[in-house]
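These notes open a run of structures that come right after.
There are two complexes below, and they share subunit A, which is joined by subunit B in the first and by subunit C in the second.
What follows is the complex of A and B.
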């Protein structure tokens, strides 16, 4: 594009970063929040009690509920209480469109729990942007590719990458923004690269099905069979013969000894001779993503029919990469590490976006500037989008948490209203940024976001359902709120160094 | 050359990056999956893992190359790679 390689890369970094950075920021923020998706689920449904009931007891209560109310269903699903999600629920029907009934793990009685999209919304938004699933996956994949290109071009144009490893010169306007953008990018470069690349690997067979097209003639079923993902099936006639279901507790103990903590149970053809019991571990007992793995037992004799497969090196590599992205392994310390790294990634993207405007601000801000009207209008668009897509998105995210508690619990289509609240707030924030001067818009939205984050605890006290998981969410909200408040305060009254354009330029020359 | 409007040059390079890059990474994955000495199911995975590296390189190439025509080189390169990847299908189609 330009004369030299570095100049071309700088051009690409600047413009791709600006145009795609807004959505990338949204993807990174929701991805960071999705690290704690289960905790947010729990926070957003305050009716679910904390419980100390063992999984075996909870499973027994779930089975007796299902025997009473759904004895003839073709499929039973039981989601067991775990460390991160203390709720118990049962479902019938297939996995995606089943009917879910939350139960009280202490009594086994159905619980009236409000419908809520929960933290799952952030998880889904992270890889689909709430578009129809397949479209969303491709859009997010394209954005991830831009992110990879942005990281590489960033390395190319950052000439003093080692010399300025820890350089940070605060209170120097544009220079400070650049330093922050560089430092956050360079210090966590391995994380940025890892999280972006592994994100692409999760759906790689959807993005680039070339291998299956070439070697398996595009027959993805043949490909999955070659992977050895065969499903255990019982002869169909057995499904007509009634039979008593085996006791679950010993099977759970056996599976837990083999797989680690258990997350859920699925029972196909319950109360028949064809009954199959699938016991699935929680994700994260190992680094490799174990989604879909299960130990399958005969539902009448309790005999183990199929164990979790040992993966060959190639599929294991892919699973480990997916696992590195899902961040389910290593317990809470690892979760916090991912959360903090994610926050820094978000800050890196945001500072890059802000830097774009700060760099050009002087040219357009002065009333007597010679910049033509069209360029000035485009600059204003970038400014408005920066506010709306950075602070506005954060307001929308925390606003979703508020909506989950404030919307009436028995509202029809409650989940849809929560999502509307999210996008409505985001839209309002964009409009607000459009009508206010940039600096005021930043201050007001950051302050609002700070109040909403900090206030989660207050909301929690009034709306009830306090336990240690929810308290964790609220304290984290408070800490983030304080950080945002500091940011708002810094924008509102910056240290008066950059007073005049000319003064700033001499400062830079000296630096 | 210099009369080409800027937006057209950007559009051409973006097209080269997006389409040329996809064709290149798709074809090189197909080629790798065909020639890797592994079981087919494993070869597909091992060949697809580096696809995004190819794609990223093609994007950088599209914007870094000196003239606009060379920006489309990955697309041209995709043709022989795809022929290797899909040679049984290609032979069947010819027959």
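What follows is the complex of A and C.
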């Protein structure tokens, strides 16, 4: 700790930023990718065809498949083709132990689709770091607190927020890194604060359960019911009486008129008098995250039994904040805004990490440096981690996409192998950074990442399954690849840093 | 929708450019001379006007609730583009503002 308040804040910002920045970078990168999770899912499963089949037709085909093969199942689930995910799939059994069968929406026939973790992996990694779920949520929550502290301390120690609001001075070494770190942080401050704070709010009941425990005495079911999430139940004896299932198309039309685009249908006790049809919208008709909300219809008469619940003010506030974080609203333009803001956040964190090394590197680079061996060793650790956690993580992320296409489709436990490829690549990148000089390590990993990103399109042509969604992923990959290639090139051949003598600088300031 | 979003981005850029050029150091960076106080003031006023119009376009595209959220993203990104262009191609960064009236003509008569 240091003497003055600002010095203490600077100390906290530097060290917390360095030590937790590596994982925060990983969280921000995967979170940014998770903005397009469904599109990545689709890209990673090239067997799923593009289709222009209407939802009503797709639902009809799904029902006829289920009637043929699973007429006696207790639960049916149908995931309908949507704008972002053109696949159709049916499932039986409950959510955890269900069996999912992908269907061809054009014919209604079952489709052999490779197992893949898909973009969902980035989504899950983003809030659990692939740890056991609850552990991960707590670790990521703690990291989000550090991020919040980093933002606040950053504001405190940045003395010229308004004066240097538009300032970026390239080709000046450490000054440029600081300028970029400041500009990317200050200009996107609303986004940084919003995304970090709302990220914490999503799991507030897990982080601070005392309130619910006190009011509902730990009965989480009562808590959910109090929010209007009560399940509609039919008398059990009706489930033994066979009855014909109502036509779905009019119910879908009614639900779509009320809720907007539909995402999925659930049918409980199909083909009995107790049949219930739940129609769920895709998320994103409003800011509030209304996951799990459904309109429930009687499966025989088609009568509406329960509408989506109106949220009371407190849960609504929480859901709106969660919705702000999940970015499911506002369509593709909003998604792109979030994606690009996310990319700049990643760059902000990365530039802070690099700045740490640039600042200290000068001290150790001087030949007559009196820095002792231990300090040099720690500096080397920071350098290696910077390469391994920044460019190495990016290589691992794009490597996961390659693995999804290159691993044999019928490989046993294919999803586990994809995840192994991700962590394996990351580990290799860390090792590579450890054995190569820092500059070479940066250039090689950034170049590799650029090639892998840019090459997604080539892979797509050879591995098949081109449609407009996949093309979008590939073009985005190409653009990011070009950016990374430029970064690699700049590291490889840096322009000489122009540091003017002090006298010249003051003259210039007066002129 | 796309046209409105483009418009809000362009107005946000124009707004940020106005605020930026209303500052002495950035005006000098482009024109190598100091702005008069009246010019500085009007540039800033135009800057705020640009941001306001950007907000209106966002609200038109998304409605007020989502539009307000989008607006923060839009003005942030516009400012980042400006800050990255300014040191490399200062005159081009200013000239880019011509895209705003061009968009207006296209939007009204296109």
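FYI, the second predicted complex is superposed on the first by the 494 of 511 C-alpha atoms of A that agree within 3 Å, B and C clash if a C-alpha of one lies under 4 Å from a C-alpha of the other, contacts with A are read in each partner's own complex, and residues count from 1 in each chain.
Simple rule for what comes next: contacts are C-beta pairs under 8 Å (C-beta built on N, C-alpha and C of every residue); 3 or more make two chains touch, one makes a residue touch a chain.
All values derive from a computational prediction rather than experimental measurement.
Participant: Give one word, clash or fit, describing how subunit B and subunit C relate on subunit A after superposing.
Facilitator: Pair status: fit.
Participant: Given the superposition on chain A, which partner contacts more residues in subunit A: subunit B or subunit C?
Facilitator: Between subunit B and subunit C, the winner on subunit A residue contacts is B.
Participant: Identify the partner contact of A:394: answer first if only subunit B is touched, second if only subunit C is, both if each is, neither if none is.
Facilitator: In the superposition, A:394 touches no partner, neither subunit B nor subunit C.
Participant: Between subunit B and subunit C, whom does A:168 touch in the aligned arrangement: first, second, both, or neither?
Facilitator: second
Participant: According to the stated criteria, A:88 is in contact with first (subunit B), second (subunit C), both, or neither; which is it?
Facilitator: Neither subunit B nor subunit C is touched by A:88.
Participant: What is the angle, as a multiple of 10 degrees, that the CA centres of subunit B and subunit C span when seen from the CA centre of subunit A?
Facilitator: An angle of 90 degrees, rounded.
Participant: Taking the superposition on A as described, I'd like to know which of subunit B and subunit C A:350 touches: first, second, both or neither.
Facilitator: The answer is neither, since A:350 touches no partner chain.
Participant: Answer with first, second, both or neither: which of subunit B and subunit C does A:433 touch in the superposed model?
Facilitator: neither
Participant: Once superposed, minimum distance in angstrom between C-alpha atoms of subunit B and those of subunit C?
Facilitator: Taking the overlay as described at the top, subunit B lies 19 Å from subunit C at its nearest C-alpha.
Participant: Touching residues of subunit C toward subunit A in the complex: what are they?
Facilitator: 1-2, 5, 16, 19-20, 23, 25-26, 61-62, 65-66, 69-70, 72-74, 76-77, 79-80, 82-84, 86-88
Participant: Please give the residue numbers of subunit B that touch subunit A in the complex, ascending.
Facilitator: 9-10, 13, 18, 25-27, 29-34, 38-49, 51-52, 55-56, 59-60, 63-64, 85-86, 89
Participant: Would you pull the subunit A residues touching subunit C in the complex into a rising list?
Facilitator: Of all residues in subunit A, those touching subunit C are 165-170, 183-184, 187-188, 190-191, 194, 286-287, 324, 329-331, 333-334, 337-338, 340-341, 344.
Participant: Which of the residues in subunit A come into contact with subunit B in the complex?
Facilitator: 1, 5, 8-9, 11-12, 142, 145, 148-149, 152-153, 197, 200-201, 204-205, 207-208, 210-217, 223, 226-227, 312-315, 317-318, 321
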